[in-house]
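Each of the next two complexes has subunit A plus one other chain: subunit B in the first, subunit C in the second.
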Partner chain A sequence: MADYVFQKEKIEELLGGMAKNYEVHAPLLNAGIVRFGKVEEGGPALAKLDDYSNSSVPPKELLFPQTETLFRYRLGTGGIEPKVPDAGAKVAVFGIRPCDAQAFAIVDKLFGWDYPDPYFQNRRKSTVLIGLACSSPCSTCFCTSLGGGPTNDEYLDVAMYDLGNEIYLKTVTEKGDELCKSISDLLEEASPSHLEACQNQSKEAASKIRRSIDTNGIPEKLPALYDNPFWEQFSDRCLGCGICTYLCPTCHCFDIQDEVEVFDGRRARMWDTCMFEEYTRHASGHNPRPTRKERTRNRVSHKYSYFPTNFGVIACVGCGRCIKYCPVNIDIIDILEKSIAVEVKEAG
Partner chain B sequence: MMDESNPYLPYEVEIKETWYETPGERAIKTFKVDFVDSSVWDTWSHKPGQCAMVGRLGVGESMFCISSSPTEEGYLRFSVMKMGKVTRALHQLEVGDTMTVRGPLGNWFPVNEWEGKRIVTIGGGIGQAPLRPVINYVRANRAKYEDLTVLYGSRTSADLCFQEELECLISEEETTCHLSVDVEEESWEHYVGFVPNLLMDVSPSPENAIAVTCGPPVMIKFVTQNLVKLGFEPEQIYTTLENRMKCGIGKCGRCNVGHLYVCKHGPVFSYAQIKDIPEAFA
Partner chain C sequence: MVDQGELRQKAKEVISREDVRRLIGWKRGTYGFEAAPAVIKDPSEADELVFDPTCVQNPASFVTLEEKPPLPRGVEPDLRKVGVFAKGCDSRALIQQMVEQAYERDHIVVIGIPCRGVIDHRKAEKLFGDVTPDLVEISGDKVVIEIGGEKREVAREDVLMAKCLRCRYPNPLISDVLVGGEVEKFADDDFSDVDEFEKKSPAEKWEFWEKEFSKCIRCYSCRNVCPMCYCPECVVTRLKPQWTRRSVDLSENTSYHIERSWHLAGRCIECMECERVCPMDIPIMTLNRKLTRDVKELFSYEPGTDVEASPLLTSYNPQDPEEYIM
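Right after this comes the complex of A and B.
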């Protein structure tokens, strides 16, 4: 694997070079919101790399779009036309943070078990992740509690470090190598001093993470709190808006709906959330999770108990978005800390 | 089997026969269907208890148990209660119309492991639909099993599904069949009372037996309690769970009870598997 540098002021030139072979997505700044999108002339401006600690909307939508067509059909004529994305396409995601890349590795397990999901998996295969190490984490970040870190390159194809005037680039996978070779005329060789600067930045960034949670024992403890009134202290103020799940990089739940215009129809899937009442409501009207208490319990238990029971890994990367954007300040770390503290009465 | 490269694509099926099992606002209609592309049969294989997403293009799909046993060849059967958007749309369909089937999905009753055992099924209302393939599978492989006892009840006699077949079960020597209705009605010759009470009245022995129960959640709860009273171990009791589903393949999220996805880990569970998961009874 190789390492390079480029001048930060040449970033648009670099993205332009990449765009010759790849469909390039990068963090764009639009109306105060940083969200990944296709870099296009006349489109929203590129967010400055030191402007966003993390994008407001996670880049999960690039692999798992908010709404996506599964297949199309014409009523009355029979025949179904699948709309599976091309695994051979070349897509580059520039500036993804290490936590959001880690989230892909988590949901890989779900989209891969039993019946692999070709929509997610083909996009995953075609996508190169060019990550950007965090030098100044947010006050809500707790990635170091979940096996990640502000400069973790484990889930990236290329890792970038913002060194002020220069950006240092390190290839992590062959996919990343291939991408860097395709723009090698725009890159310069890195020196040992660059590497040293990165190492210093890593140490410094990790020390800036202010929040943490010891996850030991939580997956085993949460099921024992199923009937515990403990949940009500959080669910009582929950508005049920679902933002904690929509902005979560590991939340993967979806709905499937048919849409028809005259005779032309499509079956599409779209993000859904366990925080909504309709999510589990049976056709009979019966709802196994009738109130926000059950729904809050499911959100937290799914991430910190059910998912690890099924897949061996907690479905949270500590990006902190659910804490940062909750309109009523529900804080998952607070819930987890209190879940450890609460006493469980033995059944009987 | 389902198109493995894309588990979201359904098969088109044509309705060959259809009839009402029960009347009323929540009528139950049975559909006997065949694949439009008959080559699907070359790879199709389902087991008693497995489900499929059944639907209509332009409307959507919902999960139903395949109520025909794999020993019934050349068609699939589904019995659908008119309840929500999809089931209303399905009820409008008649012979010759097409619908969609995506499956088979989920696990199944381990009928192979049950060979040499006595089988007791305890059903209530539409809950007889997932039991029907078990009953017909055992009847088709009669020598491999000991006694077959069928207990089935519903609110009124008009709410009993598969009535012609019940007559068969009652008249055939190798099967014991007990029916019940919740309240007394004229010319009803069988048991009057709730299914859990019928179970105690019949009191099947737990010796070398497997009990399978499907029906409304409240019925399952009391039937299970009564089976335990009769000496059945949690490992001898099987049921099916249901929840709202969209994908049917353990991805869309909503059908979980605790860490178990009803669509993927179920719908068939032994009582031993779910007795400590309170959400299974929510």
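Right after this comes the complex of A and C.
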């Protein structure tokens, strides 16, 4: 694998070079917020690399869009027209954070489980992840507690480090190598001093992570709290909105709806959330999760107990978005810490 | 600065009452510039309660948010009162809820708390970064913020929410118990923000809203936090029949936001919670402010100021303007 550098001021040139062979997605400034999107002429401006620690919406929306047409249909002769994305397309995601890339590896398990989901999987296959190491993590970040870290390159194809005037690039996979070769005329060779600067940055960034949680024992403990009043201290102030789940890079629930016009229509799927009342409402009107207590319990237990039981990995990467954006300070670290401290009486 | 000892003592007295089953106030958050709403059920929890300019949330929202799941056969519902802390703006929400008969006056015990303004976390983070202050207080016309042992004084407009800079009701309009002394009105509302926005041409306004609405992820945090959005089933998320599609695009998002703001005409008490909670930074109050001014100018109506009032849309006055009727 190879390493390179390029001048930071030449980012747009670099993305232009990439765009010759790839559809390029990057963090964009969209009416005040940073969100990943396709880089297009006349579209929203590129966010500066130090404009964001974590984008407001995680880049999961690139592989799993909030609203996605599965197929279209027409009355009469038209039949159905599937909208499965092309696995052979070449898409580059520039500036993704290590935690958000790690989330893809977690969601892979779900979308490749009993029914391999071609919509997610084809996009995943066609996407090259050019990650950007964090140099100033948020006060709500806790990635180091979940096997990640601000400079973790394990789930990336190319890792980038912002060294001030220069960006250091290191290829991690063959996919990443191929991409760098396609723009090699825009890259310069790196020197050992660059590597040293990156290593220093890694150490410094990890030391800036202020929050942590010891996840030992949590997957086993949460089911024991199923009927415990424990959850009320959090659900009493829960608004029941979709912020924590929609902005979670590993939340992956969706609803499927038919949208019918007069002569044609589409079947589409859109993000859904276990925090909404209608998520578990049965056709009969009965709701097995009747209040926000059960819904709060489900969100936390799914991430920290059910998912690890089914797939062997906690469905959280510590990006901190659910903490940062929660309007009522429901803090998942706080919940987990308190869950460990609760004493549960043995049955009988 | 409100005396925290007095606040906790009065909270303790209220939650100790036999006819009160829960009390809604604020406690310290786990990080950042905002406190957390607190729902306490036992006098021992009253020592967690606080009040300072980080107590932004509107406790009135939690009165109507409380769910009433079906009870097992033979179990009687607990109909005792709810205690609720209220700043001036929060008290307007309580009043408006009662005007609409969401509940009766004797359902709540109001602990009024005169307020000189609360922090806008977006402004504060811009100034101070992603940090947690040790202390936030208002002193004269300045806001004092202590971070890492270092005290800094800033102007009110630099860190307080826009609603506070035009606040005419810093003292609760209703209360059963009052914490601290009343404070002086801070400013008048001249609606200059609405004037400013109205200078835009229709095309510019549409361009503006197109950009803003296309960001919306329809998490419904603006609706859920709103003390006036308490319908058991919202028309927007209704499935049978479905009036608004679940797909998230400019058309459905626009429909959602216009629907919501119209449903708030003559009802919005301007606590700004919708705008505060929006994770996509959509300036939702810009819509509500225009309706607030229209309602005030056309019908001389100000919601949430009089418990005895009728809701705007159920009251008729022969003098009401009717230029729009052909």
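Note that in this section the second predicted complex is superposed on the first by the 344 of 348 C-alpha atoms of A that agree within 3 Å, B and C clash if a C-alpha of one lies under 4 Å from a C-alpha of the other, contacts with A are read in each partner's own complex, and residues count from 1 in each chain.
We take it that a residue touches a chain if its C-beta (ideal position, glycine included) is under 8 Å from a C-beta of that chain, and two chains touch if they have at least 3 such contacts.
Not measured: the values here are computed from a predicted model.
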**Superposed partners subunit B and subunit C on subunit A - clash or fit** = fit
**Request:** Once the structures are superposed on A, label A:Thr140 by its partner contacts, choosing first (subunit B), second (subunit C), both or neither.
**Result:** second
**Asked** Is A:Ser207 touching the first partner subunit B, the second partner subunit C, both, or neither of them?
**Response** neither
**Asked** Can A:Gln7 be said to touch subunit B (first), subunit C (second), both, or neither?
**Response** neither
**Request:** Go through the superposed model and pick first if A:Tyr306 touches only subunit B, second if only subunit C, both, or neither.
**Result:** first
**Item:** First, second, both or neither for A:Thr67, with subunit B first and subunit C second
**Value:** second
**Prompt:** Vertex at subunit A, arms to subunit B and subunit C: angle between C-alpha centres to the nearest 10°?
**Reply:** 90
**Message:** On the A-aligned overlay, A:Asn21 touches which partner chain: subunit B = first, subunit C = second, or both, or neither?
**Reply:** neither
**Request:** Report for A:Pro118: first if it touches subunit B alone, second if subunit C alone, otherwise both or neither.
**Result:** first
**Message:** Contacts for A:Gly32 in the overlay, against subunit B (first) and subunit C (second): which applies, first, second, both or neither?
**Reply:** second
**Request:** Mind working out whether A:Ser184 is in touch with subunit B, subunit C, both or neither, as first, second, both or neither?
**Result:** neither
**Asked** With both complexes placed on chain A, how many Å separate the closest C-alpha atoms of subunit B and subunit C?
**Response** 7
**Message:** From the superposed pair, tell me which subunit A residues show up as contacts to subunit B and also as contacts to subunit C.
**Reply:** 255, 257
**Message:** Please output the residues of subunit A touching subunit C within their complex, sorted ascending.
**Reply:** 30-33, 35, 53, 56-57, 66-67, 138-140, 211, 236-237, 239-243, 246-247, 255, 257, 259, 268, 270-271, 273, 276, 278, 290-292, 323, 325, 327-329, 331, 333-334
**Prompt:** Which of the residues in subunit A end up touching subunit B in this complex?
**Reply:** 70-71, 73, 75, 78, 80, 82, 84, 110-111, 113-119, 223, 226-227, 252-258, 260, 265, 267, 269, 272, 274, 279-284, 288-289, 294, 298, 301-302, 305-307, 309-310
**Message:** Can you tell me which positions in subunit B touch subunit A when the two form their complex?
**Reply:** 2, 4-10, 12, 36, 57-62, 83-87, 98, 242-244, 246-247, 249-254, 256-259, 264, 277-279, 282
**Complete:** Listed in rising order, the residues of subunit C that touch subunit A in the complex are 29-32, 34-39, 57, 61-62, 65, 67, 69-70, 130-132, 211-212, 215, 217-221, 223-225, 237, 239, 245-249, 273, 276-277, 279-281
